[in-house]
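Have a look at the structure below, then the notes.
Chains here go by letter, A, B, C and D, matching the order in which they are written, and residues are numbered from 1 within each.
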Amino acid sequence: MAVDMSNAVGLDVPAAEQVPGSPGELPPGRRRGFRLPSALGPGIPRALVFAALGYLFGHWIGNLIAAGYSQVTNSGSNNAAIILGYLFGTVGWIGGMGVLTYPLTKMTGREELLAPQRSVGPGRYFRYTLDHKVVGIQYMVGMIVYFLTAGLLALAIRTELLSPTNHVFGPGVYIEVVGEHGTMMMMMMTSVIVGPFGNFLVPLMIGARRMAFPRLEALSFWLTPAAYIILLSSLWLGGFPTGWTGYAPLSVQAGRGMDAYVAAFGVMAISIILAGFNIVVTVINLRAPGMTWGRLPVFVWGVMTTSFLMVLATPVLFGALYMLGLDRTIQTSFFTDTLGGSSYLWENLFWFFGHPEVYILALPGFAIVLEMLPVFCRKPIFAQKVAIAGMVGVSALSFFVWQHHLFDSGINPDMRPLFMLTTELISIPTGFIFLVGMGTLWKARIRLTVPMMFAMGFFFNFLLGGISGVFLSDVPADTTAHGTFFVMAHFHYTIMGGLIFAFFGGLYYWLPKMTGRSMNHRLGKWNFIAMFVFFNSTFLPLFAVGELGQPRRVFEYAKRLQTLNDWVSISAFLLGFAILLFVINLVWSMIIKPVRSPENPWHSRGLEWQTTSPPPPGNFDRIPIILAGPYEYGKPDALPMSDLVSRTSPVAAAAATDSERTI
Amino acid sequence: MAAATERRDGIRILGVWLVLSAIFMPIVYFVWGPHLPPGGMSDQAAGQRFDNRVLGVVATPVVLLVCTFLVYALLFWRQTGEEIEDGPYITNKVKFSGWWVGLTTFTVLCLAVFGTYELENNNGAGTGSGPRPIFAASGPMLPVQVIAQQWRFTFRYPTYGGMETTSLMIPQNEEIQFNVTSLDVIHSFWAYQLGVKADANPGVNNIAFVKALHTGKFNILCAELCGLWHGAMTANGQVMSQASFDSWATQTEAQEAPVTKLLPKYSTVYSPDEAGAGGNYYGSQYPVNP
Amino acid sequence: MTDVAESALPPIPADAEEGLALSAAIGSIWTGSRLLIGACSFLYAAFAFTFFYLRSLNSYGRWHPKAQHPSLLIGTAATVALVAAALLHYYGLSRLRHGLNLDWRVAGIASLGLGLLSAGLQIYQLTRLNFFPGSSGYASVFVGWVPVHVVLLLGALYWLETLVARSLRVRNAWHGQGDLGGSVTPEATRLRASLDAFNYFFVFLSLVGVAFWFLFYVID
Amino acid sequence: MKMFEKPLTRGLAVLAVAGVLAGVCLWGIFGFLRSSVPTVDFSKTAGPVNLRVQTVAALGFGPHPTWVSYLVKDPAGAWVHSTIWQLPADRQINVTVEEYDSGGALRNNLWGGITGTLDSQAAINGQSTAVVDPSAGNGIAHTFNVPDLGLNVPLYGISSKAKNPCSAAPCSTSSDHNTITFSFHTPPGAGNYRWQCFIPCGLSYLYGNGGPMGAIGFMSGFLKVVPA
């Protein structure tokens, strides 16, 4: 992070003085000596080559160091070589993308004040770029790829569970698939809102031209493809048998695929920390004049509280992964009880990260939904301060609940009442969100657009997810529910039913902003209906499956549960088709037959809609002065949110005269 | 906002909600409740079922309130057509928010007190409570050791000569103390119908209590991912009457004597290097080589 | 941030944006360094937790067999070097505030050297251990913590190096305007803000070094 | 980018990409994830099935040459590296194990007792016994354990100082080995019965249960019982 500090905010260079070429590449005037042809310049081809070379180099070093040890020759797996290979491969990858050029140049005392990337054309989406809008789109595509891959793995899981005893994949591959699905989803869900929407929208919503640390922002994205490839490569190395939680003695025991888990999650942890870091600093420092904390949109509040959790909780995960890596390579004994370690250590460290992580997944969902509600209710948000208090309360409490994952483990059994209390307390701030949502709906003028449908779906799903959480927080009831499909259904209701519904709603809502093209609403409606029905049909029976005695992550189960499991599997396939419907809509409306969207299709007051769609490189013609809050619907004398629309700007005109119905 | 309140929305929502709650809460408690898992085979299972019933009753009105509100909102406050009309300018109703916060806080605190009481009053409620449980049963009890290893459970009866079996037999109406431990990675001993779940950790004696009320068979599963055969790591269990348990135990003790002779002395945990049986992951330079 | 709710102010002129951007930049550097310290604190806290947790569990009595000890001399020397580097930089910075540019440059370079010495000593100490990494809980925590500390220290030293290099490079250009300590150009202001931020972080690192020195050599 | 101006061409391009991705997914599923250990079929023979297996200290070939493994002689008489054996239901199975690995201690000595065979006994080099003491003699090299059938047979190991150990599979009987024979009866119904070894023989994996112990095809597999 030190890398970027003294060039935190480079001044925007006027178009005439812009430096051509991409960041990470010296401007032509400063290039000295031999110049590479542009095909060998920073970009994905070079990054792939560097990554491969880095992997081979790391692997060679690892073999040089460790090949002779009897542990390596006997087991046939040199974990040090694999982990080093992944690390050097990642360094090669980001180096090839051009990330390292600037920090290395900086060591000579040179300073490049590069303008944000102004290049146009599809090529910029495949490059290391300093434009937060490009990074937002990159993140969006990247996270959708993550989501679809992990979703396919989920379908593989459900395929195996079609029969209690006959096996499609067999126990080994099944466990690998379960682990891949869980880890990939967790890695992706952490960034799925903060990455695409946080990066794209936060500057637009606070009236800034850019992020505080655009290089870190770009780096945080370009680490995610590396993590994706590393994690998937685990299958090739035999997978990892631990699920996403990576419980320790098993993860020390596991074969080479576990190294990919360590490396991929570690790389993603860095990406998460950087992304959160950038957003927190941006929101605190880059708000436009007049953007007081009280006027800050709820979405920005939500993303900022999430980012705080990301910055503070993820280092603990990184530390735990590092310890696991050491146990696996140089044979420390953090997690081996007979040598002074403890299997409890991993459980504590992991869940100390893991529980804030769970709220990292919940808060952005709240934020998106609460941001959309006032627009489609045509009413101010109800009790905005309560909403913010809810988010802040959830994030603060989330650091004090982690041992509720360990009620049966025998760790500090005398502390269970305390953790039961903190866990149940967290439903108070969560209840705030429902209060705000219901208060906003009260006597509203509800327009049931596609994003609003997803918001309503979010409330229903999150309600069931949250209520089932109360059963899990109660120690006696948790005795049966712990480690079963009940837990699995619970967190799928909050993550898939909550966060992903909010994400899809957000895509329908903001894609017109991000691309200037609108999604097909008819298809969107069907997408929502199918998703809502099949989601509930998939996961509601799983509560019963769990309570009836089926543990998580099993490849065999009791024959009496086959009907329920088959029902779930078939629903899951249909849910897959519902999501395919979304992909078709996305590809059709964005790529194949784009329809130009109105400038402000939802007639929102929000600042992000007061510039063109997609926004110009500098976001605004000038830095706006914020005149009023974003949710002043129904107040006849309300000022517009900023001074950008008070005059006859094209945006305001479009918003005023736009009679085209988009629903 | 006054103009819009010709319909008394609040009263109507409240009415619907109260009626629905009055219908569904008794149904949940009295009709559905007795059939809730994990059943009533043991004291602990019955306690968990009671918790599930109570929580179900508490959850019902919450779910009904939100659902009623959402449905009502979509039915009566929906706006269609071309015209975009702004709603009433309501930014907060402090009294309402205050009531909401107060009620949720009260409910949540009650639930926490209830959970703690149930945990304490039910001998740890069947959960693994560490080596020195504070919510422990007192009086005479039968110790049974549950040994988890990759990928099987075995059961050891220290009071019957330290014999070890592959299925779990316990007597009815007697307090049982399960000492759960693992020989390798983390497992979780879950006797579903008994309402017992305790993680099996290497080097840790995790104690759970149960008192079976009825005879019959029960299933034992592993509830913590432990590797390749996690899904197949099951065992059979049976609650027997006192008399048949005694005859089974004495008979098995005699029958198993040749194998029992091979077993290490009974202990709460078994370190992997006692017999030199480890994978030598840690090399010969280490004092133990698990 | 001024509140302009009711008055329709004229829009911000383009040349005022530069001032906004500068204050945002300085604020970002300030916030960023504090947040960086927060993140690093949690990383170190993971190790401190591990230390005390394994120590209190002491499973199989193998938390810390008495014979296993890293060299007290090297460990203390590394910590002292680190603290000295941080103090030196702190002092140099306070001199810079009085306009003494050369003092900071000398202090910065010396601090860089001391920091490298500290990192080098810690790595050297790892090669001179009388125990294997997995010999005990203590051994694991020690072997695990030192590389983390060294890497973060090297990161901080990289940061210091860029600052020193920058200040040397701009020496001539800014000479007439009061050099680094006195120039009022936006770039100089930002560089000074970065110096402050670095100073804060470096002091934090040295305090962490002292804290863990207590853990490893005094508390055991 | 001119060629992508028409929606039709863009659509075709998207379809092409989708086709490639679908192909990759299908290959991943069927060519990679679904590929598994071959099933060796013994259900076609009439009468009692004679199963001949061997356990080797190091496989010597394949991606994991250092791993211990079971091998089985298929009906045609060739040694196959597989642990999924298809057996007829309700039939007597006579098993002969050629054990080429050196012995050691058990993690749980319960597995020294022989259970689930026809007379609860097994013959080690012709000598019938009901219990094998892991701490006596050469110790136990592996066990053959089918949990759902209650079957457990410890396989007595060869001496670690054996003069002529087998170095690569398949081993011939000229190398030092023990022969263990036992019989069991398959259950009347069809089903997949998992079996595994219960000795921490995954050398250099923590607790000895990784590597060959954690992968099907080496120290564990299925008995696929099918109606005859």
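The criterion applied here is as follows: a residue touches a chain if its C-beta (ideal position, glycine included) is under 8 Å from a C-beta of that chain, and two chains touch if they have at least 3 such contacts.
Owing to the predicted nature of the structure, the values given are computational and were not obtained by experimental measurement.
Pairs A-C and B-C differ in how many C-beta pairs touch across them, and the larger number is found at A-C. One simple way to say how far apart two chains are is to compare their mean CA positions; for chain A and chain C this gives 30 Å.
Taking each chain's centre as the average of its CA atoms, chain B and chain C sit 47 Å apart. One inter-chain figure worth recording: chain B and chain D are separated by 36 Å, centre to centre, where each centre is the mean of the chain's CA atoms. Spacing of chain C relative to chain D, judged by their CA centroids, is 55 angstrom.
The set of chain D residues that touch two or more partner chains comprises 194, 202-207, 209-210, 214-216.
Within chain C, contacts with two or more other chains are made by residues 59-60, 62, 132, 134-135. Chain contacts: chain A has residues 70-71, 74, 171-172, 241, 249, 252-254, 331, 333, 336-339, 342, 344 touching two or more partner chains.
Here the touching chains pair up as A-B, A-C, A-D, B-C, B-D.
Chain contact summary for the complex, chain C toward chain A: residues 1-6, 8-9, 11-12, 14, 17-18, 20-22, 24-25, 27-29, 31-33, 35-36, 38-40, 42-43, 45-47, 49-50, 53-54, 57-60, 62-64, 132-141, 143-144, 148, 155-156, 158-159, 161-170, 186-187, 190-191, 193-194, 197-198, 201. Those residues of chain C that touch chain B in the shared complex are 59-60, 62, 132, 134-135. Here chain B touches chain D in the complex through residues 147, 149-152, 154, 164, 166, 183-185, 202, 227-229, 232, 256, 258-259, 262-264, 272, 275-281, 290, going by the rule given at the top. Listing the residues of chain B that touch chain C in their complex gives 203, 271, 282, 285-288. Contact residues of chain B toward chain A in the complex are 1, 4-5, 9, 36-38, 44-45, 47-48, 51-52, 55, 58-59, 62-63, 66-67, 69-70, 73-74, 77-80, 82, 84-93, 96-97, 100-101, 104-105, 108-109, 111-112, 114-116, 118-119, 122, 124-131, 133-135, 184-186, 188, 190, 192, 195-199, 201-204, 206-207, 219, 221-232, 271-273, 280-283, 286-288, 290.
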